[in-house]
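Next up: the structures, one after another.
There are two complexes below, and they share chain A, which is joined by chain B in the first and by chain C in the second.
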Partner chain A sequence: MTQNAAPALEAFVARAAGHGAALAETGLPTRRVEAWRYTPLRSIADTAWQKPAPLTAETTTALLDRLVLPETGARVVYGNGQFMDALSALPEVVRQASENVSPLKGLFSATLNTALGERGLDVRVPAGTDAGLLTLVSLSDGQDVSTHLQHRIVLEDGASLTLYDISTGEGRYIANPRFDIVVGKGATLRHVKVQRESLTGTHLAIVSADVAEKGEYDSFTLNQGSGLARHEAVVTLGAPHAMAHVNGVQIVDGQRLNDLTSMIHHAAPDGSSRQTVKTVLSDAGQGVFQGKILVDRVAQKTDGYQMNQALLLSEKAQINSKPELEIYADDVKCSHGATVGALDDEQLFYLRSRGIAEADARDMLVRAFLIDALDLVSDEGLRDLLLRSMTS
Partner chain B sequence: MPAVTETRETVEKLAKSSYEWGFETDIEMDIAPKGLNEETVRLISERKGEPQWMLDWRLKAFRAWLEMEEPTWAHIHHPPIDYQDAHYFAQPKKKPGPKSLDEVDPELLKTYAKLGIPLHEQALLAGVEGAEERLPVAVDAVFDSVSVATTFRKTLAEAGVIFCPISDAIREHPELVQKYLGTVVPVADNFFAALNSAVFTDGSFVYIPEGVRCPMELSTYFRINARNTGQFERTLIIAEDRATVSYLEGCTAPQRDENQLHAAVVELVAMEDASIKYSTVQNWYPGDDEGRGGIYNFVTKRGICRGARSKISWTQVETGSAITWKYPSCVLAGEGSVGEFYSVAVTNNHQQADTGTKMIHLAPNTRSTIIAKTISAGHSDSTYRGLVRMQPKARNARNFTQCDSLLIGDQCGAHTVPYIESRNMTARVEHEATTSKISEDQLFYCRSRGLSEEDAVGLIVNGFCREVLKELPMEFAVEAQKLLQISLEGSVG
Partner chain C sequence: MSDFLKIQGLQARIDADGTPKDILKGLDLEVPKGEIHAIMGPNGSGKSTLSYVLAGRDDYEVTGGSATFKGQDLLALEPEERAALGLFLAFQSPVELPGVNNANFLRTAVNAVRRARGEAELDAVAFLKAVRAETKHLSMSDDMLKRAVNVGFSGGEKKRNEVLQMRLLQPSFAILDETDSGLDIDALRIVAEGVNSLRSPDFSALVITHHQRLLDYIVPDRVHVMAHGRIIHSGGPDIAKTLEKQGYTQFLEAAA
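== the complex of A and B ==
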């Protein structure tokens, strides 16, 4: 069921130089592959994607100027898959991680990244240390090029870090970043991501986070760019009392398709997970949400909650949603909810009857819809940045 | 906790107790040799005295089936099925009509008795001459692939209702069968539907003419009786404009060692303002406590609301079968039409169920409701899998879905896999799902009022399923509650 003859695949395998066996075997997934039924990769299949040239100083400045970046904290910039020394500085407490992390089997974005991986961020936050805010900027520019950054982030016991992960670009490219994250005992990683790739760009991100006892992986993803984007997170709560938040907002317009796919794996007792994902669709935008909560037999007393809601603002917009529970433990509390609909006419009428213009009333209601998810970002500064990004 | 120990003991005791409806009737059978090829299809068609168009239809399905692959997406596991290792045709040998019940094959009567069919009804079913009298329920007993007899044809005929084995319908009402057969579930719809289309041996045909409210509930008892005969039932129900019908399907099967394949197809067609209510209580042999034996149940059920304001309602209580693969669906093509799905699925021991529904909203103002209750116990796995699709023309369409799962014991699994697809901004979809175990508080409350744990669990589970059970017709509601209790007794206490 794969497009093995696709020029894209041939090019990828050639570039992988001997590391592409798994990729060649699985091929590009078609819509008949369950995980990709709503997100067709046809648009990338016919291009022989190449390694990009280094980013020029001029382009770098132009791309950076577009972004809303925090004024405090450390910053690291990658341009076309390469570390940009002059623009980057790591927080002082951070060391190199260089630790092998679990391979993600059978996930296309991960397989592709493994075959072509380029060295990305490699940090370790020592035990009991708060590394503060780290901004990771990924810039892309080029025609028919692809980058496959591999980031490793290890938080030792009791450590904490806030990662602001933002990407943008110009041209026709694939950004295929991967994050291998280890959250130690009682450690907290806040991962706030903003995806603002170019309209002709493709973004295939994969995050793997392993959370230890009482550790917390707290993430929020804003999908607001890219012709085709999938953010995929695989979070494993491997020890008691571990916690995960996999929240997000998708704002999809034009002809774009944005996809948020997640798997929260409760592999130990007393874990909890929370997920709120909101999608707003206009024009002929397509939104995809696939969220799975898997509870192992040993993971008793799991508390899992998931809510995904979509707002359709135009006749041609489309949402495909697949919330999924797979549960093997009996003493658990797991639930999910999903709603799809348009703006409420009565609410609109209420606002208009108070003299608010229709366009303003609509904006207000859309913002109210999104705010539930946005409010889950605990860092106030980043919340403001997100709000600015969403309205720009 | 003592209650848990007690529960386990009860579970073990009950798991060992034999399947109450596990019996096998030894009647002379006319059996086709094992295997499936074009010859088998021709043989079936010939034995049933079918016209050429029917044979052509079967062959088309068979050829399509050869090209298809068995689906693997469901959350079920079983050894590969050898489609050549089964008989595809078995027919009880015909005898001239007996004069009284005394002349009827005693084995057949025993089967009826165990099924709980009243004596006068037994006489009707056995074809005893002059046994006809009015009864509230019409039974078309499918006794291994061939309807042995059909009751109340006359009463129904007066109302203009046709209720007969589908093989009779093919001969007597070819124009109706040709017009509707395969229009809801096309021959190559899926692997199991194609298989059914090629080799179905019997089933029921119901036609309710314009403006007629069917004077009685229609009912079929399905029985799987001969060793190694897969059952491939085909049911077709048509309700013309303003017609109303309620159809009951109930199943029990004899205990046996080998897994038996069952691939039924049910098609419903509802025209303008028509209403079809289809209720199922499925209690086929689920296998022993080690999971050996048991029926493999791969069913395709689909209804189309063709006319405006038509309504199709599926209600099912699934307690049996080793494997259940079943998604009764509604295609809402008529403006303002309504689809409903109420389901209770209980799995115990090593049973596996992957069941749910599809609501395809094609027209404006269509509405659908899905209430699915899943109860898993023992080592079983139960999955709700459902699709709600709002097509671009489904203006102001609405869906409400509620899926609740109850886990009893820590060796079972309960899964929920809903698919929600909306292409119309004015359509509204709401979905909610929960998974939990029986609340200690509720249990304690019941126990403190003097109920045994077994009764308390029974009460709570019945409450959990009430929304679905109340949708069943009276005749079935009682049986369903009994079944629920029996299926669960084995696991909770």
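== the complex of A and C ==
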């Protein structure tokens, strides 16, 4: 089932010192592991991934320059897994936290992160406080190196925070961040993520969010980089009237593979979840969407919605889409849909007959396809940043 | 008189479930500069195919003949190049474009054509001014600019949106493919007014219709009768009235 002899695994376990037992046991998943069937990790198996050297000032500036960043709000920068003090400032209302979190058993990205974890953002937003916008920049640079940041974000009751989470890098590396998120009663975390890793980079992110009564985890992920990227979200609605949005857009070209995997767990009554994921594929790009919605027996009156759509712009592009509903309650409203299609020739001709060049007409239709997912980002400023990021 | 639109022996076919079906079978037609011509003909005579072939839709295969516009080989041009050259097709069934804002679409089209014609692009303010003037003429609400192109538009609104595009793109040759279908009399009058207001020595049009009714409002210089993929008869505007009264039979028999 797993590649226990892989050089990558040996290197990881050696680096983990005393914390590598679970990782050694889990191993590096092969395609025979259901969760990784469409996202092979072959490309990372044969490298003994090492801890990177600190990022130089020059590289930091160069990498920051290529990102579309908000001009307002607080900013925290990590370079090669290390906190960059001179470039960082937390919002005033935010306090450093020291929460212990559950280990997310059985998920490779989490197991790897747990074994090698580096201290990341560790914040707590006090009750009833709006902490505004916080930008988290994660930069990587190096050859055959890996980082495993552990971020913890706790919103106390009634608190709110908008997190703009953006990552990029240069070289051949693995970025394996983990977010442990606790959303208190009536609290709201808006998590807008932009993944723009290097084409030879690998991105394996895992988000675990626990949402309390009337709390809301509102997320949007733009997967638009990396040779291989999986963004995996595990959201637990553990108290009544909790809400989750797990939306995303994937833009996959070249030989890249981008993957959005999610598990929304309705563990209490009256919860609601919304999920719209759109993937645009060109060249020999591969897209993966795996979306599971689990509704416990106690989670009556759950309202779930999931839609995933893919637009194939070339014959070599490929989408693997796996919606999965597992429902044990008998009074729920859960709908889901999936579509795969190409650009509409009639629409294309209509635009061209109005003088719009073919390439521009295609761009217009691709953007039109993505727009209803993007419109789900409630913050107008961030929505504009996403649009700019998508076209840069 | 220099050639404006000149079609000679045009043949075209479409792939119908794997078997090619000939639709245009040697069509000849000339529309001089400054004239409005009408084409009438029974269903299946190839009227819409002619308009699509002229506009450059690539699911039709041209198997013979030629079509020139302003002396250029029209059939060798991309659809967007034909638009830049001054050709405009008002669609019989305008396509819906969910997610494409109508105002953005119009501005993109106008500026694409202006660029191609060597004219300066319109900025947002100048464009809005131009578009507002036109929508007022066409009794269109501002709301229609804010919505997605043709999405949720009634039949009449779609046709008015076509005429709006025509007015903004300022073509020198417009093809109106059954623009009157599904229009009530008020909408018909507005659409006809939109076409008539473009009438000038530099503007020509080809009005494709089933009904003589539209030709009461857009009075053509000549009327052509089309059947079986060819023009079988041409004459003055009075032909339309004959057709309305007596049908196509006499023309079909005469051509047989």
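Everything that follows uses one rule, which is that the second predicted complex is superposed on the first by the 392 of 392 C-alpha atoms of A that agree within 3 Å, B and C clash if a C-alpha of one lies under 4 Å from a C-alpha of the other, contacts with A are read in each partner's own complex, and residues count from 1 in each chain.
The definition used in the following text is that a contact is a pair of C-beta atoms (placed from the backbone, for glycine too) under 8 Å apart; a residue touches a chain by one contact, two chains touch by 3 or more.
Everything numeric in this text was worked out from a predicted model, so none of it was measured.
In the superposed pair of complexes, A:369 makes contact with chain C only, with no contact to chain B.
In the superposed pair of complexes, A:300 makes contact with chain B only, with no contact to chain C.
In the superposed model, A:312 lies in contact with chain B only, and not with chain C. Of the two partner chains placed by the overlay, only chain B lies in contact with A:339; chain C stays clear of it.
Chain A has more of its residues touched by B than by the other of chain B and chain C. Looking at the shared chain after the overlay, A:350 reaches chain C, while chain B stays out of its contact range. Once the two complexes are laid over each other on the shared chain, residue contacts for A:320 go to chain B alone; chain C is not touched. The residues of chain A shared by its contacts with chain B and with chain C come to none at all.
The residues of chain B lying in touch with chain A in their complex are 73, 75, 390, 392, 405, 407-437. Residues 55-59, 78-80, 82-84, 88-89, 91, 94-95, 97-100, 105, 108-109, 112-113, 116, 148, 165, 169 of chain C are the ones that touch chain A when the two sit in their complex. Within the complex formed with chain B, the residues of chain A that make contact are 34, 297, 300, 310, 312-315, 317-342.
Of all the residues in chain A, the ones that touch chain C in their complex are 344-347, 349-358, 360-361, 364-365, 367-372.
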